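Every chain is named by a letter (A, B, C and D) in the order it is written, and numbering of its residues begins at 1.
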Amino acid sequence: MVQAARVSYGIGTKQVQSDEGLIRYLLRHRHTTPFEMCEIQYHVKLPIFVARQWIRHRTANVNEYSGRYSILDREFYVPAPEHLAAQSVSNRQGRGSVLEGTEAAEALETLKRDAGRAYDDYERLLNERADGSVIDPQRQGLARELARMNLPVNFYTQWYWKVDLHNLLHFLMLRADAHAQYEIRVYAEAMLETVKRWVPLTYQAFADYVQGGLELSAQGLSVVKRLLAGEAVTQETSGMSPREWRELMASLGRPAS
Amino acid sequence: MVQAARVSYGIGTKQVQSDEGLIRYLLRHRHTTPFEMCEIQYHVKLPIFVARQWIRHRTANVNEYSGRYSILDREFYVPAPEHLAAQSVSNRQGRGSVLEGTEAAEALETLKRDAGRAYDDYERLLNERADGSVIDPQRQGLARELARMNLPVNFYTQWYWKVDLHNLLHFLMLRADAHAQYEIRVYAEAMLETVKRWVPLTYQAFADYVQGGLELSAQGLSVVKRLLAGEAVTQETSGMSPREWRELMASLGRPAS
Amino acid sequence: MVQAARVSYGIGTKQVQSDEGLIRYLLRHRHTTPFEMCEIQYHVKLPIFVARQWIRHRTANVNEYSGRYSILDREFYVPAPEHLAAQSVSNRQGRGSVLEGTEAAEALETLKRDAGRAYDDYERLLNERADGSVIDPQRQGLARELARMNLPVNFYTQWYWKVDLHNLLHFLMLRADAHAQYEIRVYAEAMLETVKRWVPLTYQAFADYVQGGLELSAQGLSVVKRLLAGEAVTQETSGMSPREWRELMASLGRPAS
Amino acid sequence: MVQAARVSYGIGTKQVQSDEGLIRYLLRHRHTTPFEMCEIQYHVKLPIFVARQWIRHRTANVNEYSGRYSILDREFYVPAPEHLAAQSVSNRQGRGSVLEGTEAAEALETLKRDAGRAYDDYERLLNERADGSVIDPQRQGLARELARMNLPVNFYTQWYWKVDLHNLLHFLMLRADAHAQYEIRVYAEAMLETVKRWVPLTYQAFADYVQGGLELSAQGLSVVKRLLAGEAVTQETSGMSPREWRELMASLGRPAS
């Protein structure tokens, strides 16, 4: 990465900046192409509904296990009790409080029972088990590419996913974020750890300039300037929507009103 | 497209070739960039397992219905009886003969029953129906992004899919092909009809140079030359594998032996 | 764009937010895919050295005038006197003060003379003029694809450039920025005006959240919080490099020391 | 690549096919994603006009030497006498016979003289030489990003170019082809040799299925079938244009009439 960045500067500038300084400079100023020079490949097992979010990141290379060729394993995801959350009442896309008592127990039971039943019927449709044994020799079995349609999206698939460092950081920025669904965020967080071990200087720059930073809008910047000048700004005088105002105050560690 | 192609030639060449001749020339010689100048957008309703194949075509723009925000409808795909095929015995990825009798009836019954049951439980997990009515006011309901994991991949999703003509033709070459799974091929065939109405000259060139043509390998070309010279070539003397030989003979309308 | 965004929310949410509110929400939260649903095509005439920066934006469709097929026109760029800048002494990549007097006059004279001479020799190499007339009937003329190598990179080329709105905004963020070379920035600024007329709500959101905003690093955010708490922070106690400190103070409208 | 391809097939199929058979199968059936799993990086020095063709291949990662930061070297390309070709009279994009005698000598002389003069003036504009020495201490020197506009496109630039194997083969198919300009073809041919040493099985499959093969159109396939059936087909009865007919006959090693 550093070598590629330096081809831009020509001979003689190698001494100007340390690798660390250069990496921080590149990341801070959106000089993204040197980060494309590093590639990493992951072998991932993940629920289909997570795979469907993940695959939207197009600048990557993928080879996925094929349900047309092969029989899927009896493996499906069910949330741990502490992640069995209710629908958020304030955010159409988010989670609210954790379910408890009977409702929680029945939800878990339903998810497990339906997944198990779907897999049993998948095998019966195939007339074959994952170990290759035939169930009823008098039957033909439905084509794999058809029988798999019976499986719910919490079943696991797997793939090789290869990506360059720039696009990986973009993926992690979005998917390790608090707004990402928990089930993909845990993958992103595990991958952040691999980045930390693989390219520690880049990881630190990413933590400082992207993850730990704050994007101020024009209105937010104006509010900060007015506050620094000693003015008592309120949401009403801020030019910001109530929601943006609340988020800004939270980011600055101030009460919203 | 034609205007963009002609910027390459400069002023004065407009009279050299008709639009039709130019389009055929461009398509035949893999001058693909002018075909990128046309865009088309489709609004598609499709089963999740079809969407998972489709989304692998990365050079397109997509906005998909989100099961995190919204409740999916009770709509799922089940093959028509004539498409309820057995696994192919010769091709790990293909379909064999159509299932009949009890086995067919039971397969259809299983697919319908499991999908219906999965949706019933999806509503119970949500504690809400698609029309927004609450099932049990004493319960909270599981978050949408979690409850949806109970639905099998034959449920319908929908998206806006926007693509340029070059990448659309590439998609159609692969997905309207006989090797594509039937369930995505029917979409590709319907889209081919839209191409025919939208850009008829390009459609015809695509039919002539891509769909109706044949790619000969070096060995296949050598076989054709020897046959034209009157030589009696067999698979054994062809330098081709039995499978490639069979495919070549079929393409040339000759018996394989 | 708005229609595509709403497919994510399902039926019934149309009344929840105005188009303007939705667009601002999407842009602010990096929901970029709806912006990919709009396409625009520009026909641009630009110097080769500008085209070489521009083409680095890969997610676009391009058809360029070809010097292999056609004869280029006698058109080249020379900076206006007020843009004839010296090399910056502080920034290896930037411009310093404007040249004056003899040095300026001679620089302009050199650029014009060399470009004119290069074009005269280009015609002689071709043995043909742009109007198609032959220079010396006894000669063959060098191939166009070879003769063009004599032309400097301030000659104009032209292309059709088609891009979606998301990638256009990304281009404009980088190329309408003060760090971009002046000669590409003037194109970006002209294109910003087309965005303003084409999609005014998106333009305003872009102005508020991207162009007029400020990205605080983790260290910068910490400084702002400490300042708001009444602490007297200096560069030495800020944890920031002198350069980042200066830039932050400038953005906040405060003296650097 | 082979490991990634096999994730599609699941456990137990490893013995089914040798690596070689699998690679040939993948390449023949356009299963392109496994080839995306291999990456290679080249460090290339190349004339600007070649770089301008090369960069049109967008699915690659690039870091180029920057004329904004650094002073370019006095290095430019001039064709060897045997590549100093006239414009083709039949093909607007191609080369004809090699120039000879006075015309050749003068063309070479012109290219060298203009490039040398442009570089001399580049240094004078910069008021600096590539070794960093100042020419006239009384002058400021024009900014690097401006002075470079005086250099013709036969000057050398350099870059790191990183690409996956699938996209590299696509590049090589187009650029090692006889229709590519000679000056980029020599790079493609040198890179083909690196592919041969790096992934010999893939190289051989590429040679057999892509480079040495032939794409028959629907009309061409029909002609071949009729010829094999003993019919005497002529261009007039072929349904093909004269040009396509000539090309087909040439590919089949037959006289065109």
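Here is the rule we use: contacts are C-beta pairs under 8 Å (C-beta built on N, C-alpha and C of every residue); 3 or more make two chains touch, one makes a residue touch a chain.
Note that the structure is a prediction, hence the values are computed from the model and not measured.
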item: Cα superposition of chain A on its sequence copy chain C - rotation in ° rounded to nearest 5; value: 180
item: Copies chain C and chain D touch via same or different residues, half shared test; value: same
item: Chain whose Cα centroid lies at the greatest distance from that of chain C; value: B
item: Averaged-CA centre spacing for the pair chain C and chain A, given as whole angstrom; value: 31
item: Cα-centroid distance, chain C relative to chain D, in whole angstrom; value: 28
item: Centroid spacing, where centroids are CA-atom means, of chain A and chain D in whole angstrom; value: 38
item: Junction residues of chain A, two or more chains touched; value: 9, 13, 33, 56, 62, 66, 69, 92
item: Partner chain A, residues of chain C touching it in the complex; value: 9, 13, 28-30, 33, 56, 92, 174, 179, 207-209, 211-221, 224-225, 227-228, 244, 251-254
item: List of chain A residues in touch with chain B within their complex; value: 47-49, 51-52, 55-56, 58-59, 62, 66-69, 77, 79, 84-88, 92-97, 99, 103, 107, 110-111, 114-115, 117-118, 121, 124-126, 139-146, 148-154, 181
item: In the complex with chain A, residue positions of chain D that touch it; value: 3-5, 7-10, 12-13, 33-34, 36-37, 39, 41, 43, 61-66, 69-71, 132, 158-160, 162, 164
